[in-house]
Amino acid sequence: MSEFDRGRQTSRRDFLKRGALAGLAVPAGISVLERRTDSTSTSGHPMDPATQAAPARAAATTADEMDAMHEKGVKAFPAKTAGKGNMPLQPRLVNGVKVFELTCSEIMWEVTPGQRMKAWAYNGQVPGPQIRVREGDRVRVIVKNRLPESTVVHFHGLEVPNNQDGVPFITQPPIKPGASFTYEFTVPNAGSHMYHSHHNAAKQVGMGLLGAFIVEPKDKSAEPQADVDYVMILNDMAHGYTLNGKGFPATEPISAKKGQTVRVRYMNEGMQIHPMHLHGMHMTVIAKDGWPVPQPWKCDTLNIAPGDRWDVLVKCHNPGVWAFHCHILPHAESEHGMFGMVTALIVS
Amino acid sequence: MSEFDRGRQTSRRDFLKRGALAGLAVPAGISVLERRTDSTSTSGHPMDPATQAAPARAAATTADEMDAMHEKGVKAFPAKTAGKGNMPLQPRLVNGVKVFELTCSEIMWEVTPGQRMKAWAYNGQVPGPQIRVREGDRVRVIVKNRLPESTVVHFHGLEVPNNQDGVPFITQPPIKPGASFTYEFTVPNAGSHMYHSHHNAAKQVGMGLLGAFIVEPKDKSAEPQADVDYVMILNDMAHGYTLNGKGFPATEPISAKKGQTVRVRYMNEGMQIHPMHLHGMHMTVIAKDGWPVPQPWKCDTLNIAPGDRWDVLVKCHNPGVWAFHCHILPHAESEHGMFGMVTALIVS
Amino acid sequence: MSEFDRGRQTSRRDFLKRGALAGLAVPAGISVLERRTDSTSTSGHPMDPATQAAPARAAATTADEMDAMHEKGVKAFPAKTAGKGNMPLQPRLVNGVKVFELTCSEIMWEVTPGQRMKAWAYNGQVPGPQIRVREGDRVRVIVKNRLPESTVVHFHGLEVPNNQDGVPFITQPPIKPGASFTYEFTVPNAGSHMYHSHHNAAKQVGMGLLGAFIVEPKDKSAEPQADVDYVMILNDMAHGYTLNGKGFPATEPISAKKGQTVRVRYMNEGMQIHPMHLHGMHMTVIAKDGWPVPQPWKCDTLNIAPGDRWDVLVKCHNPGVWAFHCHILPHAESEHGMFGMVTALIVS
């Protein structure tokens, strides 16, 4: 008997039968708890295991209804929604300077199918577009503010000159509504970094003013080989528990082939820790905040705190659809099914 | 004067005297705050230190009452309660396969003396019974569901084949009430792992459907020597703040002799972080999620996030009864005394 | 154009103009939202970018008001308040023993300008005075309790003999109101440690009964060179989010010259994690709980859990005023401006 066959089971028959039962009409106003049946018990003797289980079985219709909600969520994954964040932003090249434009504005953002929420976005995306440059590049970032509040942009993790650091009244005046501001610097250090608002930031970052700023090292000889390079930005504020601006089942699965290596760049832009747990394969931690760790270490659950970036490698040795979620369970599942910080790593 | 004598003190006399005072009858309805006495003040002069301290002394009766509650809790430790979780589960051997049976059912669980709470348990234990196998073992786990909800079992940290991973509607249908399901796999990786529900898990794990799944390595040459091997499972949901299913003073002390080494395998099955602090001796971290760390490191407070497992060694060089608790103080103490995530390491 | 000039921008003019507008008198009772003006829009054509931005500009007065609150906070930094915690405590030398006296009493503590709050303090300071000794020193700590509750002192991280560990009813009776207690021990291990109440501690530590206990190693050859040695104690209870007992803008900036090395000794005496983020320069982690890490590692955001101590070095290569704050943004900023766990590292 193969492992998969072992995986089949005595409940499969029940599963189908109950599925059919669940289709029976129930008059409105009658609690599902009253739809009890002992038809599945086999002897009725008080010491018979089946009878002992009867109270549990009796509530099975409710269990079926709960299961149906869970199944619906899983079957919908990955669900389509309007808008996709973290899309690569191509710079204009002006006299050797890579010029990026970020426009801040209020938009409606579809977090899960049909759940359209007010967001504050860079270029209409949550997270904002992904900026990816190289150590030593000259970069100009032109920020236009079309929000009703002032804002600024802080390049979190980049060791830029102080006047480019984006802290209002310390390094610059705030960028007023309708105004713009130009940042320019030579990219000083490599790694997985972020850009986000640093003004009224608990609100502005919470509403979506955040994005990935990835710097490839000048010397790539020490860079690990990765077939898939995936940025995963966590948030937990205005739009609930999200991965890259979407909640399950609208989150995006990560796909790889067996034998490939996936690099995940975790970034926490929320207000809470999120211990991300990958099923079926371990992660090898290679960098913290863009700095290579002295010796990589392995885990399957990685606690990511607000402001943290962690780079990990996953060697995809185990084929299948692997759940990948925050292990603070109320961030990932309710009795209505999985939601929020859940996605999958699919190894084919 | 020995250190212990130094430890004695000017308050010992007061302590006894006040202890006696605390025995005086107080008419019901009269606030303890009204039982003020200045009998311990010596001069009454406003500049006299004793007088300056008078308001503090005046409330001493209240302090005695608080202290009495604290003392009562400590003196009760370790308090007896019905039921003990995390007991070793012996497998049946069937054609070379180690067969474990887990029955899920609703029980009443005594968390602290007299505090009996509804729990969902494997084999009537919270945490469920401890499964301990060896890397490369063939293992079969037969799960019987006598709960009113469907369930599944996920082997957290084990890199099992996808169809044994226990995620409903992705790797298997849920195990309906009254039904059973058989998992079977060859144990792929060593270390301190867990098994728990992965269906409506915020509730089901919170209610007690969790346990330790420990895999000894095939090659034990790299394993550290430990005289005591202790699993400590943290939870913070339906039954409050617990260590291995019990709250202080019903938690279990860890005992060792001076010179011995204790290995603690922390597992967080709760929804919150718990920075566990050991008094008197440091811990050496040797593994994360079952994977040896490249270089062990030392600490006395270790932040354990949901889903995390951390293995540490404690070299017991310092004799005594050492408090061992979560350092989020409201998880460990109230004005009524210590409770929740508190135990002791006793070195004799 | 210099980087600073780049940093200047199209909004500077607006900034000044709006600053002036903000000075106009507004009749009481008229909402700022009614003070809309399109005077700054240039064409009014629906497709004109300026017009598209009009709704945002229209609310600019409100933005100005918010900005003014933020500016006021920043300009007030570092704000004067009465009282300063964590001041070095000089011991008396008695027969080769370093004798420290700690008196616990209730005081009023100014957390931010004008915000005077009840506190429980050692020697009238929050945090208590800094004790700094050397590995192998003989130390006596005389504790006088002038609080209305009993208390004890636990030396968190020090591997003292059990009867000096400060756990009521396990290692000693509580120190009653008006009484005193003498601890004495030979300092067993080096590093950044703490002392704090271990009785009704969720309240007592929360109210301020905490301090730094720093032990210099006997052998300093492995100690990193640091030009500035800074203790930063985090708390989040009775006095809100504080660094060394003060909330921004009353927090203390850290000052260094370009090229110098700053050692920060983080200590979390609160109930929540605080991922501390330094702008502009990275931190090199050198010790956890007083124990050197096997290999230093780099980061810009360091998650500090309750009970944790982390020592980091900052090589001050980047001149400027660098924000330094908890990255759980609601611990650092509201729409009224920065507050709480915010300070600055000033590199001149």
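Quick notes on this structure:
We call the chains A, B and C, going by the order they appear; numbering starts again at 1 in every chain.
Just so it is clear, contacts are C-beta pairs under 8 Å (C-beta built on N, C-alpha and C of every residue); 3 or more make two chains touch, one makes a residue touch a chain.
Predicted model only: the values in this text are computed from it and were never measured.
At the interface between chain B and chain C, under half of the residue numbers appear on both sides, which makes the contact a different-residue one. The angle of the rotation superposing chain A on chain C, based on CA atoms and rounded to the nearest 5, is 120 degrees. Each chain gets one centre point, the mean of its Cα atoms, and the points for chain B and chain C are 31 Å apart. Each of the following residues of chain A touches two or more other chains: 273, 295, 303.
By the touch rule above, chain C contacts chain B in their complex via residues 105-106, 140, 145-150, 154, 156-157, 159-165, 167-185, 189, 198-203, 205-206, 271-273, 288-291, 293-295, 303, 305-309.
Interface of chain B with chain C (complex): residues 3-4, 6-7, 9-12, 14-15, 18, 40, 50, 52-53, 55-60, 62-64, 66-67, 70-71, 74-75, 273, 275, 277, 279-282, 295-301, 303, 317-323, 327-330, 332-335, 344.
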